[in-house]
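In the two assemblies presented below, subunit A is common to both, partnered first by subunit B and then by subunit C.
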Partner chain A sequence: MIRFIAKRLGSGLVVLFVVSALTFFLLYISSGSIARNILGDQATAEQVAMKEHELGLDQPLVLRYFAWLADALSGNLGASWFTSEPVANSLATRIPVTMTMVFAAMILIAFCAALIGVIAAVRRGWVDRVVQVGAIIGDSIPGFVIGVILVTVLAIQLGLFPATSTISPESGPDAWLYSMSLPVIALLVNGVTGGAQQIRSAVIKQLERDYVRTLRSRGIGEREILFKHVLRSAAPAGLTVLSLQLIGMLGGVVIIEQIFALPGMGPLAVAATGQSDLPVVMGVVMYTVVVVIVVNLLVDIINGWLNPKVRVS
Partner chain B sequence: MSDSVETAAVAAPVPGAPFTGQTGTVVRSTVGQRLFKNPLGLVAMAILLAISLLAILAPVLAPFQENYSNIAKTLAAPDSVNILGTDSAGRDVWSRLLFGAQLTLLSALLCAGVAIAIGLPAGLIAGYYAGKFEAVSNWAVSILMSLPGLIVLLTIRAAFGPSVWMSMIAFGILISPSYFRLTRTAVQSVRNELYVDAARVSGLSDLSIIARHIFSVVRAPIIIQTAAIAGVAIAIQSGLEFLGLGDPTKATWGVMLSEGFKNVYLNPTLLFWPAFAMALTIGGLVLLGNAIRDALEDGEKIKHRKKAALSTTAAPAAARTVPAAGGKSVAAVDAGTEHHLLKVANLGVGYPQADGSVKKVVDDVSFHVDRGEILGIVGESGSGKSQTAFSILGLLPDNARIVAGSVQFDGNYTVAPGEERVDQARLSKLRGKRISYIPQEPMSNLDPAFTIGHQLVTPMVRVLGISKEEARKRALKLLADVGIVNPELTFGAYPHEVSGGMAQRVLIAGAISCEPDLVIADEPTTALDVTVQADVLDLLRELQQRLNIGVVLVTHNFGVVADLCDRVAVMQNGRLVEEGSVRDILRNPTEQYTRTLLASMLEGKTPMSMLVSSQKEPVA
Partner chain C sequence: MKLGPKVAAAALVLSASFALTGCGGAANSGSAAGAATALTLGTVQDVRSWDPAQAHVGHVLQPYQAVYDTLILREPDGKLSPMLATDWKYNADNTKLTLDLRTDVTFSDGAKFDAEAAKANVDHFKKANGPQMAQLASVKDVTVVDADTIDFNLSTPDPALEYFLSQAAGLMGSPKALGSEGIKTEPVGSGPYVMDKAASVKDSQTVFTARKDYWNKDLQKYQKLTFKVLTDLTARTNALVSGQVDATILDPKNGRQAEGAKMKLAANEVDWQGLLLLDRDGVKNPALANVKVRQAINYAFDRKTILDQVMLGQGTPTSQPFGKASGAWSEELENYYSYDPAKAKQLLKEASFENGVTLEIPAVPGFETQISVITQQLADVGITLKVGAALTNTYTADIAAQKFTTIYFSLFQGQPTVATDQIVSTKALYNPFKNTTPELEAKIAAVRSGGADAGKLAQEVNKYVVEQAWFAPLFRINQMYYHNSKVNVTPQIQQAVPSVYNYSPAK
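Take a look at the complex of A and B:
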């Protein structure tokens, strides 16, 4: 098991390295005159050359990548070209906002999708039909459109929720929770509809396995079969579904934060992208990849623990 | 759809299907026809067709250019000139919606095109040749799959500036793994099929094999996948534009939505149209994908039905002589006059079909089993023998119905006359305790996540109410009883750590662990090696005699019957053809069907040889 974890951790680090290199080269090769962009059209050629030297842009690309990598490993991700704020600082203040929402939404999705999916699989009937139709509707409406609809109807027209969520935790947990509820709902709708349907299929697949029939023939009760055997075997598939949703949500949350004017990673990423503020873009990509790798590692470990073939060896 | 040709060939009506009319009532049609008959599929196609037409004709239909603005008329309500009103810059909403449709559909096509152009060939090569290429592409796939789409598109935007085409090419690359996986899996499953081998032996080049055999397999899944991917591409492209990171000179639904959102206090209907257009388009794609999938799955069901029908016609000469109704050779059991351990009377089992009819798989079957007796039920696949066994156990699939007859165990009804379903309340008290089950396929009948010991102990604790420690002692003794040399080792092992023969011994141990009166064994030796088969049969006989239990042994193998059974019932097409003592039936079969079965199996061969099953075909 320890070897298994070490192996997965190693491959995660390789992915981190490859993605950082690819992103770095992609960003710096293709963007035109960076210094010219920063200084504006009025800048003289000398000023541009000076700025390029200052930013290290006159160095060969490969050298610059390894310089960035060495800095990054010591926790220094460079500074924004426009605000001069260290990227690591910006990330540190914004990651908690984003991750709070993502985790709140994921926990709710995991709970609701699993509950609805399992009931639909076991009971079938109308719950099952609702899940099927819900999945089609959820697939048809992108998450950010749901966010826009929620704000328009619930916040602006009915006035039930605040339209923006810039309220910080210091202004009292009630107000904060209240202001966070709409963005979290906007994040989780697609996750619940899609997740419930996929978990339903995963559970049905397990319910149809031969050993379930044999367990019934041995006089084991339906409840015990479901909770001890079926859900356990369906868990890896369910976890994979949820981890893919979490990865997708790291993108979706960017738009949701923009809609609700939340001071998370979203506005930072959008502003940096619009200005081609490459150190910040690099920082955003690195944060995303690290979260993805950690999530995948956790899923691998749980699945490994559930699967005796991995656990024993 | 383009699959019509193959599917039509497969789904063509089977002349002379002997089933009592039920299979004949199934409407057979091609995937395309089924798609057109599915109302949701029709609606989806109509929506997509309408949106495509509007997009293509946008330059003709739109009254204004996409960026033409009338500053004097901003945020106007709909009127005769601007039928959907104008936005904050005085631009015509209807015209922008039409041009937006054009760009949206083109970008979705570009994305799917790029994804197919990369994923399909890569999947073909990886699936067909495997080796290093597959390893490398799997690795690349795992990286691509670990990146959230929107973050990648933000990076592409930062690098290349605002361009719909650039971002859709990038997203196409990012999403190409879904085609790669689909193609690779399909190719892998086809690669080793006999007809591909035959094509290879006959000297066809790899290229033409791929073109002829493999494309026909992956075509339909690719259409389904493309519908899904086009929907995702539209959503993500619109999201990017909503963030203000798209091309500002282009009218797109995402930009319109963002525009509407900025003016949400002034004119919320500006939000409605782009959101509606998006939901309609993506919804159309989702529904189309679902409809094609349903049409394909229906096709699969028809194929299976056809196979089942064919296998039941496998012995046409014999089939014609089957008596229309029960026939005098079927044992007549007078209800209530005898007290048997198990009595099945006139049992019928059926499955309701989509068209309202009920397809009978077991029809008017009667037999009985006494304590200490082994009854063999013999028949081909599809003869209804396993369905009969599962009715006794109450383990039929959820959609099965008891359409006639009754089942009595030890004098009490488990299926009373007139009941549609097996009474689970009554049977759950008997199952495991008095009636138990030995399955066919040993490996799939043990839960891979629990040790063998755990799977033996739990039923004893639940059914017999004994302590875990006592159950453990009994389990170890049972394992020794079924001939396992090192019970301790097997007790602690997981199913994947033991052989198939040993797993079957474990399942037999489980079946007798609570000292049942009746054991239902469903082809208990079919999945085992020949030498192991003989051992397992010996074990069954020895246990049955020692414990004096009744056994219903379901098999297709007369060798097993001759070896083990006291009496035998022969089934065909869901009916009982003949029933009697093994000696009588083997020496003197009265029914032609039994004779044909016997003639095909006992021609100077030793019972239980593997040739027995492969010898079945020449009869047909």
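Take a look at the complex of A and C:
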């Protein structure tokens, strides 16, 4: 197991390095006069030249990459070109907001999707049809549309929730709960409907296997078959779906955060990309890659723990 | 009983929602702007750095005004009044501006405001390479005459200098904090409010509290002032309508929703929109060198209809690029080019372009509708508009590199010299082909040395570029600034959002 984890971590590092190099070169080559972006349209040519020197943009690209890499390895991700705020600081204040939302949504998705999926698989009939229709409807309504509908109805018309985030250092956990509720609901609807559909198929597939028939023939109760055998075998499929949803959610959350004005990673990524604030963009990309690597690793470990067959292979 | 799949699916979606709303219970309905002594404003972006030398114009100036006083105060109608400077006057040839300063002002860190402090700010501004550094380009240096008097020594007369001293260049920070790392994240000024850093979150909200013993109580109308950063237009609309912010800037379409919720509009014309016919010497597109072609383009547009259809009528059709408040505006130029497709075709014929002219313009995100409408109207007179790839965030560099011969844009209408150096003079970014004539140069020079008459003299520059059809302006557009009934708002001339002093509690 330890060797397996070490191997996955090693390949993760390679991915991180490759992505950082690719992102760095693509960003720097495609963005023109960054200094002028920073100074605005009234800056003179001398001002622009001064700023380029200040930012080290007059150095060769490869040198700049290795300077960035050396700094990054020592934990220094640089500072925003526009605000001079250290990138590590920006990430540290924003990751908790985004991650709270993503994990709250994921836990609820896992719970609801598993419950609904298993019920649909076991009961079949109308419940199953509802789940299938729900999956289609859920997939066809983007999260941000659900977000806008929720704000209009629950925040503006009924006044149950704040329309945009009220999170601030003065506010207690209740403000977090109120501010996060609508965005989390907007995020989880697609996840629940999609996840339930996948889990349903995985459970049905297992229920049709020969070993279930054998277990039944030996008089073992349906409940025990389901919880002890079927769910365990169906878990890898469910986990994979959930991990893919989590990774997909890192993208979806960008728009949700904009709509609800949550100070998470989304607005930071959008603003930095729009302005070509490259140190910040690099920071955001590195964070995303790390999350993807960690999530995949965790899923592999949990799968191995649930199902010895995976460990052997 | 068998439920229909639709009903059941709706129930499924709803039950997922209620799983969470159940825990929510009775939420506060967003009463951030509760008491009359608190004001919450929705802003489009956060301040990048609180160093006063990094301040910008318009809505990027507003937050700085909460903590920094300016040397000169600009009233809502544009009149310049005393602030930290009690009086100012030029010498005979407009090359030296002498300012008398207040003696009773301190900064929030205890430092005293005096001539040395003012000089330290100007020196810092001139070397800090901020976005508005050009505001002091004509200032050679500043000399301290005595404890409460300073001289601005100019290398060349600049009629806009007094105005600049009411803007970014006039913001005064504590000399002890200037140039330090600390001032980037926590401002130290002499203004009506001080930042409550513990309650502020970068890119989310900045909170200020009224400063005790502030010298000018007339400018300090609230106990608490909060800037809530709402980049997204929908989020701003929702925050205003639900009472989370007291005032914010929207657009005509979202404004309808705000009006439905009984929000009030404080409209103000700040920008003009239209075509910039940049290649007037025909370097890349020979047709544009012909003034008749450029005039034909101007006659092709039904400005009123475009305004009504695209901007819901929020603005005024115009043929001139200079703004109404600049002094360079004139009534006779307002409808200089009326909608006349026959005349446009006639002019093209006279210019020997009756077989058609092709213009290439870049697509501009946000102006897709406008560009498709003008494409159609130009086609009606025989001019083909070829829309190319969209402008990216390097557009300023692309414009400077003469990549575009024509662009569609929305531009700020500033003071005469500001507008001239933005779109007309050979230094202007929006004159990348450096077009000029001796006649125009003479008119511009007259404005620069015109002192108080600069506005009137700039009418000549305006007239020249309108007659020569350097541009094809369509309309001045309204900035849609909305507020609720708890606050009175006075629009500020030439600013999309009002100055911070223009808000007061409604009685």
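Here is the rule we use: the second predicted complex is superposed on the first by the 298 of 313 C-alpha atoms of A that agree within 3 Å, B and C clash if a C-alpha of one lies under 4 Å from a C-alpha of the other, contacts with A are read in each partner's own complex, and residues count from 1 in each chain.
Just so it is clear, a residue touches a chain if its C-beta (ideal position, glycine included) is under 8 Å from a C-beta of that chain, and two chains touch if they have at least 3 such contacts.
Every value quoted in this text rests on a predicted model; they were computed, and no experiment measured them.
Asker: After the match on subunit A, would you call subunit B and subunit C a fit or a clash?
Answerer: Partners clash after overlay.
Asker: If we overlay the two complexes on their shared chain A, which of subunit B and subunit C does A:L215 touch? Say first, second, both or neither.
Answerer: In the superposed model, A:L215 contacts subunit B only, not subunit C.
Asker: Check whether A:A43 is in contact with subunit B, with subunit C, with both or with neither, and answer first, second, both or neither.
Answerer: Touch status of A:A43: second partner only.
Asker: Is A:T288 contacted by the first partner subunit B, the second partner subunit C, both or neither?
Answerer: A:T288 sits against subunit B, while subunit C stays out of touch.
Asker: Name the contact category of A:C112: first (subunit B only), second (subunit C only), both, or neither.
Answerer: second
Asker: Of the two partner chains, subunit B (first) and subunit C (second), which one does A:S140 touch, if any: first, second, both, or neither?
Answerer: Only subunit B; A:S140 stays clear of subunit C.
Asker: Could you look at A:R124 and tell me whether it touches subunit B, subunit C, both or neither (first, second, both, neither)?
Answerer: After superposing on A, A:R124 lies in contact with subunit B but is clear of subunit C.
Asker: Please indicate which partner A:S276 is in contact with in the superposed arrangement: first for subunit B, second for subunit C, both, or neither.
Answerer: After superposition on chain A, A:S276 lies in contact with both partners, subunit B and subunit C.
Asker: One more residue to check, A:L77. First (subunit B), second (subunit C), both or neither?
Answerer: Once the two structures are laid over each other on A, A:L77 reaches no partner at all.
Asker: In the overlay, answer first, second, both or neither for which of subunit B and subunit C A:V203 touches.
Answerer: neither
Asker: Which subunit A residues are contacted by subunit C in one complex and by subunit B in the other?
Answerer: Shared contact residues on subunit A (touching subunit B in one complex, subunit C in the other): 31, 137, 148, 151-152, 156, 258-259, 270, 274, 276.
Asker: Of all residues in subunit B, which touch subunit A in the complex?
Answerer: Going by the criterion above, the answer is residues 142-143, 146-151, 154-161, 231, 235-236, 238-239, 242-245, 257, 261, 264-265, 268, 271, 275, 278-279, 282-283, 286-287, 290, 393, 395, 398, 428, 431-433, 435-437, 439, 441, 444-451, 458-459, 462-463, 494, 496-497, 507, 510-511, 514, 520.
Asker: Which stretch or stretches of subunit C touch subunit A in the complex?
Answerer: Those residues of subunit C that touch subunit A are 2-3, 5-6, 8-9, 11-13, 16-17, 19-21, 23-24, 26-30, 32, 45, 48-49, 56, 129-134, 137, 184-185, 198-205, 207, 228-232, 234-235, 238-239, 241-242, 244, 392-394, 396-398, 400, 421-422, 427, 429.
Asker: Enumerate the contact residues on subunit A facing subunit C in the complex.
Answerer: 31-33, 36-44, 47, 50-51, 54, 82-85, 90, 93, 108, 112, 116, 126, 129-131, 133-134, 137-138, 148, 150-152, 154-156, 159-170, 177-178, 181, 184-185, 188-189, 192-193, 258-261, 263, 267-268, 270-271, 274-276
Asker: Which residues of subunit A touch subunit B in their complex?
Answerer: By the definition above, subunit A touches subunit B via 15, 18-19, 23, 26-27, 29-31, 124, 136-137, 139-142, 144-145, 148-149, 151-152, 156-157, 209-211, 213-221, 224, 229, 232-233, 247-252, 254-255, 258-259, 269-270, 272-274, 276-278, 281, 284-285, 288-289, 292-293, 296, 306-309, 312.
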